[in-house]
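Shared chain: chain A. Partners: chain B in the first complex, chain C in the second.
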Partner chain A sequence: MKTVDRQGLAAIVLMMPALVTLCVLFLYPLGYSLLWAFRNEEQDTWTLANFAKSFDFYSTDIIFTVLIVTVSTVLIGVCSILIAGYLALGENRVAVLILRWLYRWPLFIPFIVAGQLMRTFLAKNGMMNNILVSGGVIEPLQAVSFLDWRGIVVTFVWKQTPFVTLLLAGAIATLDRSTIEAARNLGARRFRVLLEIVVPQVSTTLMVGLILSYVLMMSVLSVPLMINAQSPTMITVDMAWRINSYGDYEVANALGFISYAMTAVVAWIYLRQGIRQDGSPT
Partner chain B sequence: MSVSQVFGGVLRGLILGLIAFAIFGPIANMLLWTVAEVWYYPHKLPLEWGFSFWERVFRPQGNARLSLVNSIFIALLTVVVSLAIAIPAGLALGRGRLPFRSLFLLLFLLPQAFPSLAVHMNIARIFYSLGLNGTYAGVVLVHTIQGLVFSVWISTAAFAAVDRELEEAARNMGAGPFRVFQTVTLPLALPGILASAIFVFLISLDEFTGTYFVGVPDITTLPLLLFTASMEGNYQIASITALILLIPSIAFMLAVEKFLKAEVLAKVGT
Partner chain C sequence: MPGLPVELEAVDTYYGDLRILKSISLSIAGGEFTALLGASGCGKTTLLRALAGFVPLRKGRILIGGNDISDLPPEKRGMAMMFQSYALWPHMNVARNIGYGLVLRRLNRKAVKRRVDEVMELVGLEGFGERRVTELSGGQRQRVALARALAINPPILLLDEPLSNLDARIRHNMRLEIRSLQKRLGITTILVTHDQEEALSMADRVIILDQGEIAQTGTPEDVYHRPVSPFVAHFVGADNSLPVHAQFANGTVTLSAPELDGETRLPLADGNGNEGVNAPNPIDGPMVALFHSEAATLSASGRSHRAEESCLLANGTVSQSSYLGKVYRHGVAIGAHEFLIDHHRRLKTGDDVQLRIEAAALNLFPKSESSATATQRG
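On to the complex of A and B.
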C-alpha cells in the first residue's frame, strides 16, 4: 500500500510542470476573460454594459459568425462523409488510391497560408475565375471576387475537411465489415449503406471532429482578416480591432464571452444527443 | 464494356479531377505568384516572370530573413520547453499510477474546447504587465500552451505503448528505476516523443494569433511577415513566405504515418 502511495505522489510531482503551465497560461487568462467581460474598469464596478455595446455595434457580425461557422461545419461534415465513405466502399481500386492520396494535402497547412492561397485563388483575376472563363462557364465580365463570406467558408472547408475525413476514415476502418458486406449482398446501394449503416456507427467520431473544427473556426483570426475584413465580418476581427484600436478589453472580452457561448451551445447539443443515444432520459 | 460502365468511369474521372483542382488549384496559383514580377487584372498569367522577389526575401539584412531565423529559433525553443513539460507528464499519465488520471487527460483538452482568441488577448494583457510582451520568452510561452495538449497526449500515448514486461525484465536484472527509464522506457517511447516534437515545431512555426498579440511589434515571425505583406498587397512576398511555410507542413503530412505508429495512435486519449 505504501509503495502505491509513493508512486502516486511521484506521478503528481511529474505532472506538476504541465499543470502549472496549464493553470498560468490557460486557466488564469480564461478566468480573466470571463470576469472582465462584466467589468467596468474606470468605475471599478461590474456591469452588463459591455454586452449591450457588443450587441449594439456587432450584432450583424455575431449573426454572420454563427452562419459562416455553421455552414462551414455542415459542409465539412458532408464532404468528409462522402470522401471517407468512398474510401471505404469504393469499388474502383485506382480511384480509391488516388482519392486517398489526394484528400490529405491541406491537412497541416496553416490557416494563414490557406488564407493567402485563397486570397489569390478566389480573387477576381484568380485561377478560379480564369478557369471558369476559359471553360466558357461564365463571361469575363461576370467574373466576381469571391473574397467575402463565401471565401471564408471555402477556406474553412478546404482546410478542415481532410482532418475530419482522416478521423472518419480511421473509425470506419475499425468497423466490422460483415454488416456492410451483408447489406451490399442484399442489394443495398452504396450510398444507402453509407448513410444507414456506416455513418451511424461512426457518429461519435464525426461529431468530435466537427466540434473541434467548429471551435477552431470560431477562434481563427487570420482567415477572416485576410479574406474579408470589412463589415460584416467575423467577431474575431472585431475583438482584435477593439484591442488594437481602442485598447478596449471590456467589449473585446464580452465578444469573447459570446464566442464561448456559441461553442457551449454546440457542446450542449452534442452532450444531449449522447445521452439520448444511451437511452437515458433527457 | 457497357455504356453505363463507360459513363461511370468518365464521371469518376471528372469528380476526381474536380477534387484535384480544388486542392491543387490554390497551391498552383500561389506558386505562380512566387515567380511573377508583374501581374494585374485582367491578365490570366503574369506579364513578367522572375526571381527578384526571392532575392528580396533572402537578402542577408532583409526583414524576411530575420523572420525566418526568428521563426526557427522560437519553434526550437518551444519544442525544448514543451518536451521538458510533456515528457514527465506523459510518463505520469502513461505509466505511473496517477490518481484521477482521466480527469487530468481531459484537463489538457480544455484549451481545445474554448475559442482560443479570447484567451490569447488576455494572455497578451497579462504578459504586458509582466514585461513579457515583445520578448522571445513571451512568444515561446504562448506557443507552448497551444501545443500542450498535443505534446502531453502524444507522449502519454508513447509511454503507454511501451511494453511493461521489458521494464520488469530490466528491473529483475537489478536496474534501478532511473536506469530502467533511461535504457528501456525512453528509447522505446522515443519515436512517439519525436512525433510530438515535430508536431509542436510545426504548431509554433505556423502560429499566428498568439504572436500577433504577444510578439508585435518587436518580434516578427514568418506568419506575421506573410500577413503584413499580404495586407500591403505585396502578393509576391506573401506567396514566397506561404511557400516556405507550406513545405514543412506537406512534408509532415506525407511522413506522419511513419512517425506516428498505429499502436501509438491507438493509445491517444486512452
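On to the complex of A and C.
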C-alpha cells in the first residue's frame, strides 16, 4: 500500500511542472481572455456588445479567415497526399531521393521568414513574375501582384505541406507493403492505389495533420500582416489592430473567442477521432 | 479463363549488387500446379515476385502464353497473387476486398455482386460479405485472399506461402481445398513454400531451388525418391547418412563399410521402372548413402534377412526414442554413426537391433558432392 502511495506521489511530482506551466501560461490567460470578451470595463458590466461590434466591423474578415484557412487546408491535404504518395509509390529512384530531400525545407523556416520570402516572390515585380516574363510566358504588362488572399494561401500551403507530408509519409511507411502490391497485382494503377488503398489506410494521420495545420494557420499573424494587411484580412490582424491602435482588449478578446470557437470545431473532430481510435479494436 | 503456360528464359534478378536468381529457365504447362520449394533465401519468393512484376529482370524473359511480359508493370500482367500476409485491405469489408479487381475491370455493380457471391460460395464464405476483414480469423482471411485472387478469373495464380500462417489442422484442409479448386478451374498455379510436405502433396511438379538456381525439377515422387543431388535428398528429408565404398557393375552396386557385415550387392534403379538404388552419379569409390527415417525398418538382432538381395542390413543399438504421434523415432547407433529410424512401437534403449533398408530407398552420391552440400548447409 505504501509503495502504491509513494508511486502516486512520485507521479504527481513529475506531473506538477507541466501542470503548473499549463495552468499559469495557458489556462489562466485563456480563461481570462474568454471571460473578458464579455466585459465592458468602463461600465464594469457583462455584455455581448463586444461580439456585436466584432461582427459589425469584422464579419467579412471572419468569413475571409475561414475561407483562407479552409482552402489552404484542402490544398495542403492534396499536396501532401501527392508528395507522400510519390515518395511511397514513385519508381524513379533519383526523383524520389531528390523529392525526399527537398520537401522538408520549409519545415525549418519560421512563418515570418516565409512571409518575407513570399513578398519578394509574389510581388508584381517579384521573382515569380520576373521568371514568367523572362521565360516569355507573360508580357510585363500582364504581371500582377499575388500579395493578396492568394499570397496567404500560397504561403500557408508552402509552409504547412511538409509538416503534413512528414506525418503522412511516416504513416505510409508503416503500412504492410503487400496491401499496395495486392492492388497493383489486381490491375490498379499507382494513382488509383494511392487514392483507394493508401490514403484510406492513413486517413487518421492525414486528418490529424490537417487539423493541427488548420489550428496553427488560424493563429498566424505575421503572414497576413506581411502579405495582405488591407481589407479583408485575417482575424489575427484585426486583433493586433484593436490592441495596438485602440488598446481595445474587449473586442480583441471577442475576436479571439470567435477564432477559438472556429478552431474548437476542428479540435472536437480531432478529439473525437482520438477517442474512436483508442476505443476501436482496429 | 483456362490456365496459360509460363516460360522463363535465363532469368537473372539482383537486389543491388547481389545476384538472387541465376539464369533460371523453366517451362510450366497451362493448368499445371507447380511448387517452388526451397530454404529461406533460396530465391523462391523473388522468382514469384519477378513473375508478378515486382522484381525487375536484369536478364532473360518471361513469356505468358507465348507473349513476352518481361517489361510490363504488375498491373498489366493479369496474374493474381495471394500474399503470405494475405494483404487484405482493412478499410474495406469482405465483399469489397473480393470485388476490387472486378471494379478495376469496370464490371457493373450487379455483375460484381454476382461474381463476388459466386467466389464467396466457392471458398465457403457465404454470408461474410459485410464483415470487416479485421473481424475474421486467420483461416477466413486466407479464404478472402484466395477469393479475391480467383474473382478476376486469372489465367495464372501465384501463391506465396499461403498456408504458413495457419494452424496445422486448417492447413491440411486448405491444402486439399486449394488443390481441388485449382483442378476444377484449370488455373496455372505456382506455389512458393518451404514446407516439403505442402509442396509434395499439392503440386503436379516440384521445383527445388538452391541459392538462386534450380536444383531439381520433377514430380513429387521423383524429387522424394530419386533426388539428383545430396542437397535435394537432404531437403526432402533423407537425413540419414552412411559413408560406404561403392563398386558399380552390370546394373548393380556393391557396397561395403565397416558398419556392414561384408559386402552387399544391390540392384540399381534403371529408369525403366525397375526399382533399385538411386545413384545419379555412379562413380566407383567412397560414396554416401542417404535415406529417409521411414524408409528403414528395425527388427530384433539375430532375425537376419541376410538371404535377401535387395536390401542393406546393419546391426546396431537403440540409443534413444521419441514419440511422433503415428510412430516412434529411434536413434540407432551403428559403429560411429547414429541414424534416426521410425518404428511402429517403442524399443528399449540399449536393445540390439538390425537395420534393414530397401535398395529402392537408398540414394548414393559421391562423397565429394555430399561434403560440398554439408559445407553449404553450415
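In the analysis below, the second predicted complex is superposed on the first by the 267 of 282 C-alpha atoms of A that agree within 3 Å, B and C clash if a C-alpha of one lies under 4 Å from a C-alpha of the other, contacts with A are read in each partner's own complex, and residues count from 1 in each chain.
The criterion applied here is as follows: a contact is a pair of C-beta atoms (placed from the backbone, for glycine too) under 8 Å apart; a residue touches a chain by one contact, two chains touch by 3 or more.
Keep in mind it's a predicted model, so treat the numbers as computed, not measured.
Colleague: Which of the two partners, first being chain B and second being chain C, lies in contact with A:R150: first, second, both, or neither?
Modeller: Neither partner.
Colleague: Would you check which partner chain A:R100 touches, where first means chain B only, second means chain C only, and both and neither mean what they say?
Modeller: neither
Colleague: Using the superposition on chain A described above, determine whether A:T179 touches chain B (first), chain C (second), both, or neither.
Modeller: Touch status of A:T179: second partner only.
Colleague: Between chain B and chain C, whom does A:Q201 touch in the aligned arrangement: first, second, both, or neither?
Modeller: Only chain C is touched by A:Q201; chain B is not.
Colleague: A:R189 in the overlay: touching chain B, chain C, both, or neither? Say first, second, both or neither.
Modeller: So A:R189 only meets chain C here.
Colleague: Using the superposition described at the top, determine whether chain B or chain C touches more residues of chain A.
Modeller: Tallying touched residues of chain A, the top partner is B.
Colleague: Within the complex, which stretch of chain B touches chain A?
Modeller: The touching residues are 12, 16, 19-30, 32-33, 39-44, 84-86, 88-89, 91-93, 96-99, 104, 107-108, 110-126, 141-142, 144-145, 148, 152, 202, 206, 208-209, 212-213, 223, 226-227, 230-231, 235, 238-239, 241-242, 245-246, 249-250, 252-253, 256.
Colleague: Within their complex, state which residues of chain C touch chain A.
Modeller: 52-54, 73-81, 83-85, 87-91, 100-101, 104-105, 132, 134, 148, 152
Colleague: What residues on chain A touch chain B, complex-wise?
Modeller: Checking each residue of chain A against chain B gives 4, 7-8, 10-12, 14-19, 21-22, 25-30, 32-33, 36, 92, 95, 98-99, 102-121, 124-128, 130-131, 134, 140, 143, 158, 212, 215, 218-222, 225-226, 236, 239-240, 243, 249, 252-253, 255-257, 259-260, 262-263, 267.
Colleague: State the interface residues of chain A toward chain C in the complex, per the touch definition above.
Modeller: Touch residues, chain A against chain C: 176, 178-179, 181-189, 192, 196-197, 200-201, 203, 281-282.
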